[in-house]
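Structures follow.
Next, two complexes with subunit A in common: one pairs it with subunit B, the other with subunit C.
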Partner chain A sequence: MEATGRRRAPLWRRIVGSDNVAGWSLAGPAIFMMALFSIYPVVWSVILSLERKNLLTGETQWVGWANYKALANDAIFKTALWNSAKYTALFVPISIVAGIFVAVAVNRKLRLMAFYRLAVFVTLAISTISTAIMFMWLADPDYGLINAFLHALHLPEQGFLRDTNEALYVIVAMTVWGWLGFVVIIYLAALQGIPQELIEAAQIDGASRWGTFRNVTLPLLGPATFFLVVWLTINALHLFDEIYLTTKGGPLYSTTVLVYYLFVQAFQNFAAGYGAAMAYVLFGIILVISIIEFMVGKRLVHYSA
Partner chain B sequence: MSEQIALKPAKAMAPKTAHRRRRWLPFDRWHLFLFPFALVMLFPMLWMLVTSIETISEARRFPPVMIPEGIHWVNYPNALKRGAFGTYFLNTFIVTMATVIGNLVFCSLAGYAFARIKFFGREVVFMLMLATLMIPYQVTIIPEFLIVKWLGTHISPQIGIDSLGALIVPGLVQVFGIFLLRQFFRTLPIELEEAARIDGASRLGILFKIVLPLSLPALATLGALTFLWTWNDFLWPLIAIMSPEHYTIQLGLMNFQTAHTTSWTLLMAANVMSMIPLLIVFLAAQKYFIQSVATSGLKG
Partner chain C sequence: MKKMWLGLVTVSVLLATACGGGGGGGESTSGGPSGSAGGGPVEIVFWHGNSGQAGLECTKLVKQWNAANPDIQVKPVFYGSSDRALTKVETAVASGTYPDIAYLYGSWAANIATSPALLPLNDYIQNDPTFNWDDFWPAERYAATVDGKIIGIPALVDNLAIVYNPALFDAAGIQYPTPEWTWDDFRAAAKAMTDPANQQFGWAYPADASEDTVWHWEAMLWEAGGDILNADNTQAVFNSPQGVQALTVLQDMATVDHSIYIDTTNTKIGDVFNGGKIGMLVTGPWDLQGFKNVDYGVQIMPSFDDPSNHQTISGPDNWVLFNNGPERAQAAFEFIKWYTEPDQDIQNALYTATLPIRQSELDVAGYQTFLDKYPGIQTFVENEQNALKARPVTPKYPMVSEALGQAIVSVLLGKADAQTALDQAAQAANAALAAP
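Showing the complex of A and B:
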């Protein structure tokens, strides 16, 4: 305290008022909770992944790298890796392209715009479970609306979620629908951050609308696109709810993705150690992909001053 | 306006490309895309609503019945009878409210400390917390289950596995919330707080009388997002809860779906009911939802 002329505060007041005590007593409860439920589990997971542990009985045995070795030879795990890769490779680009297009469309002053925007944004408030149920009904092979349309158009009816070749694509469709509101909001915010003078300058220079979009708007959406690619990739690799509700990984493992398989091993077979090892492999994959995305992003994305 | 420009086309050279196009529609061309698109986005929900007021034979008729003959409201009470949705709602409401309040309180306190008080270890702890944001939930979920199980046997069954406490306690504080509020508090003019300190106000007094009243938008954002995440959470309740009397609405819906796979009308009625509270919150706080997703998304 630099105020020397002032009467000194009572001792308890100085202790309670000191920055260390005040800081730790305000932040302490939160720090304790974070330590218990975020930091400690991360460390414990490393140890778990080197053990064979029954989740329910708690029986534990040190096995070293055995879990990781077993994963390398696990055919279902490889299928899950492949399915997750396929899902991510579809979900992320489709969401990005659709998101840009829709954001450009709703970024203008038109009648009914409040309605259009609401139609997109409302998906933010709908749970993954509700989304999955709605799409299951639409894509029901027997009574669903989509098959009724196909039938009316004299096209072959499809099995959708019951078909090994189609189930994953139905999942892609429902998750793109569910995430579109989020993607559009991010792009809309980015579009509205673009200075209008830049667009006008390009048009005065004789650029066409498409040219302006291609050469001015799109590069300025770089940072938003970069963020979305990273964020959507991470979330795509976390896909679980929709799978659990609709297909339970089937038919014939065609929708068994990483987190679903992790769930089965850890919480249905109670192989906590094996699950933890899988979680770390997943973390490694996410880390590597994110680093690659950051490196590519550094080259491609230009941040305006 | 368009006629005026059409009268002198030759003079307007490059800049006004937009206005040179002839208007062949009585409305903007973007409506041609936007209107059908909005219908496609809303369609799954509309179809759910229609199905929820049909009889089961109407729902299974071919070709599909677009406009049911009468409104078959009875699906709603029937769904309520077959699944204990009242209980699920109450559980979800308790869990969500406790989590929202917990986050508002703990994240405010911690966010203020991280923003304004230079305490020992502040930077290290803050970096450590930010680092946990990058670790996927799945890495922590197995130990989290074991921790909650331990809490249940050693501290109190009220916070152990298969209790509502298990759904509340691990989510009471989120790093995201601390970070969001810290960032917001730092944008407030510090002079107000300094003046209050000179007048002898305590840290808590400053936080509650000056900082928090100025931070209502950030608090609303945190509250709205926490509400949304908690209400819709599925994986953790699925793991932590076994008995139906502790089900949340998402678990109840999942269970109802498993039990009534082919009773689409009941299932849709249940689905509609499960969505209503959140849609109300969303419509009421739409501005905050959208702002917060836009800002926290890009700058977070």
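Showing the complex of A and C:
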């Protein structure tokens, strides 16, 4: 009898043929691109934030913490921080509440429901620039539809994007509208994942419709809400496009938010290091807020019925 | 077995893309092949922001050149909006592969002058007896020169004048603007045409605090006899009595007469004027093609106390050349010289309604066709003679402009009076000028 057992394949075959090689070579290109376009810039901007750098001349001067110290004394930066905080504090809760409301409203069997759902989701498909142009005209103080409406109702007309006290709220309204489709999609999926027997059991036990919603539906939407709060908060702190397209931070810095001010400093005033320092402050803020959100989420969110 | 092949295939694909990406990537970002060392044509890369009809005209001219010059082949690259061009050039220079020629706004001249990749053109222009640098308008030459260094060839020029809607003047029963108009006349006419019930305004002002907000006012500042910075660009002087006089016009019209449509988004003025709701704009020739519904008229800017002082502000942009070795540099210079000659520029102007960039262009064959095609454009051409001053050429100008933009908007919105706003802006500008 010959010795049993398969002959081992040559080493190169084993290497080329192994799961590891196949796996890594499939994932490799993506990892390489990730490293090149996200990890490298992340590290590079740490260094950048400690320098005074002009991207045009390549002139570089090591300044240590000077950029961060200058931020502490920058009145416009403080305004931007405050505006970002105010915006986030409005945008996230309003989006959540409006999203649940609309999702529940379209989670029913009605005639033409497909059309209503489409009408809600269409905001997802509309580009930011279209949304911006539409709102700029709707909210124009002199030619806008909203003021024409207010005028017809004999209500005081508003300045909207011309009024330093109102401009940020117009941006909130615009972005809530723009994101509504996304929030509703997530909630609608969560609503449809709620087992029908739980609702029925509550109803048999005599719970009112509000009671069922409050004590059964809402807790079961917890994971979706948690995801959305984290996601929307990060997005709110990243607000840029809508500002760039409409107010450019004005009037009089009333809509200058963090990322917009960062852009002005880095790309209009060519202070790349200062901009990078600002980006790291923003990173810290997002990190802290996300950690808090996760801690709170752990205590409040139930993942199973 | 199947798996092994998969591994082999992916490894080889990976290798192939890695090589291809490494080798080709560098070239494709530079926009084309580099100049050949031995024989063959020199290839140069030409970055422009012309889209639509202007883009077609631009490519047509380049094709014309390429057909006539087999040893210098130009590759046009559309870089998107010119608004962001400096960022793109910045990135290209930082990466070490940059175009030979790029269209850049004149307000960036002082910034681009600091780039080590820039090709100064003084010697090229001096050594070329047929170039005739003085044929360019004075404002263009000023904007292309930084501390005596010529940083680019003028690519486009424009200026501001009054564009008005005669129908609104007729309806209000007032005379059209004349070349002798003062700002008092302007204000009175705007007031007469303002009708809040019909959302009708005498004037419209871009109030997004951008350079667009600022340069409209800078023309007024010069007319009043003031200046933006002192002679050596170290100190703001715009908060002078002349500055206050110029800004007070805006203050009175916006907060007393309410005769200005203030657009804080700076996106709607053209449409509203075209809709027949605005009596007058102060704007440039680029807007004319958009006013299809208004039988507009054009008049030079009003004056202040000195009735002969009808200045304007000119916004010249440049073709900036970058140094990719002497061979490509010489080729780029020869091409751009040809491209900006009157015969070629008038072809561009015919389709894009831009003003002639050389004074001798007024004598070439196509010029009359150009005037006939664009009503009112002749006033803008002649108005270039009124561009007596230019914005200070300093890398700090963006910061000065930002401070002024906030001052002007705060006055328009009634948040501050002219003197206070200008004093505050001067303080911010001086801080920026003093910073390293």
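As a working rule, the second predicted complex is superposed on the first by the 279 of 305 C-alpha atoms of A that agree within 3 Å, B and C clash if a C-alpha of one lies under 4 Å from a C-alpha of the other, contacts with A are read in each partner's own complex, and residues count from 1 in each chain.
Heads up, the rule we're going with is that contacts are C-beta pairs under 8 Å (C-beta built on N, C-alpha and C of every residue); 3 or more make two chains touch, one makes a residue touch a chain.
For clarity, every value in this text was computed on a predicted model and none was experimentally measured.
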| item | value |
| --- | --- |
| Overlay on subunit A: subunit C relative to subunit B, clash or fit | clash |
| Partner chain(s) touched by A:Tyr253 [first = subunit B, second = subunit C, both, neither] | second |
| Contacts of A:Tyr280 with subunit B and subunit C, given as first, second, both or neither | first |
| Subunit B versus subunit C, judged by how many residues of subunit A each one touches | B |
| First (subunit B), second (subunit C), both or neither touched by A:Val97 | neither |
| Subunit B versus subunit C as contact partner of A:Phe267, first or second or both or neither | both |
| First, second, both or neither for A:Thr57, with subunit B first and subunit C second | second |
| First (subunit B), second (subunit C), both or neither touched by A:Asp140 | both |
| Which of subunit B and subunit C A:Thr164 touches, first, second, both or neither | second |
| First, second, both or neither for A:Met295, with subunit B first and subunit C second | neither |
| Contacts of A:Arg209 with subunit B and subunit C, given as first, second, both or neither | first |
| Subunit C region in steric overlap with subunit B, selected from 58-66, 94-102, 184-192 or 382-390 | 94-102 |
| Residues of subunit A that lie at the interface with subunit B and also at the interface with subunit C | 16-17, 19, 22, 26, 29, 55, 133, 136-137, 140, 142-143, 267 |
| For the subunit A and subunit C complex, residues of the former touching the latter | 13, 16-19, 21-22, 25-26, 28-29, 52, 54-59, 133, 136-137, 140, 142-143, 161-162, 164, 167, 246-253, 264, 267-270 |
| Parts of subunit A lying in touch with subunit B, wherever the complex brings them together | 16-17, 19-20, 22-24, 26-27, 29-31, 33-34, 36-42, 44-45, 48, 55, 102, 105-106, 108, 110-112, 115-116, 118-131, 133-138, 140, 142-143, 145, 148, 151-152, 177, 180, 182, 185-186, 188-190, 203-204, 206, 208-209, 223-224, 227, 231, 234, 237-238, 240-241, 244-245, 259, 262-263, 266-267, 272, 275-276, 279-280, 282-283, 286-287 |
| Subunit B residues within the subunit A interface of the complex | 14-15, 17-18, 27-28, 30-31, 33-35, 37-39, 41-42, 44-45, 47-48, 51, 59-60, 62-64, 106-107, 109-110, 112-114, 117-120, 122, 125, 128-129, 132, 134-147, 169-170, 172-173, 175, 178, 202-204, 207, 228, 231-232, 234-235, 238-239, 250, 253-254, 257, 264, 267-268, 271, 274-275, 278-279, 281-282, 286, 289-290, 293-295, 297-298 |
| Interfacial residue positions of subunit C with respect to subunit A in the complex | 3-4, 6-8, 10-11, 14, 17, 86-87, 89-91, 93-94, 111-112, 114-116, 199, 201, 207-210, 261-262, 264-268, 272, 277, 395, 398-399, 402, 406, 409-410, 413, 415, 436 |
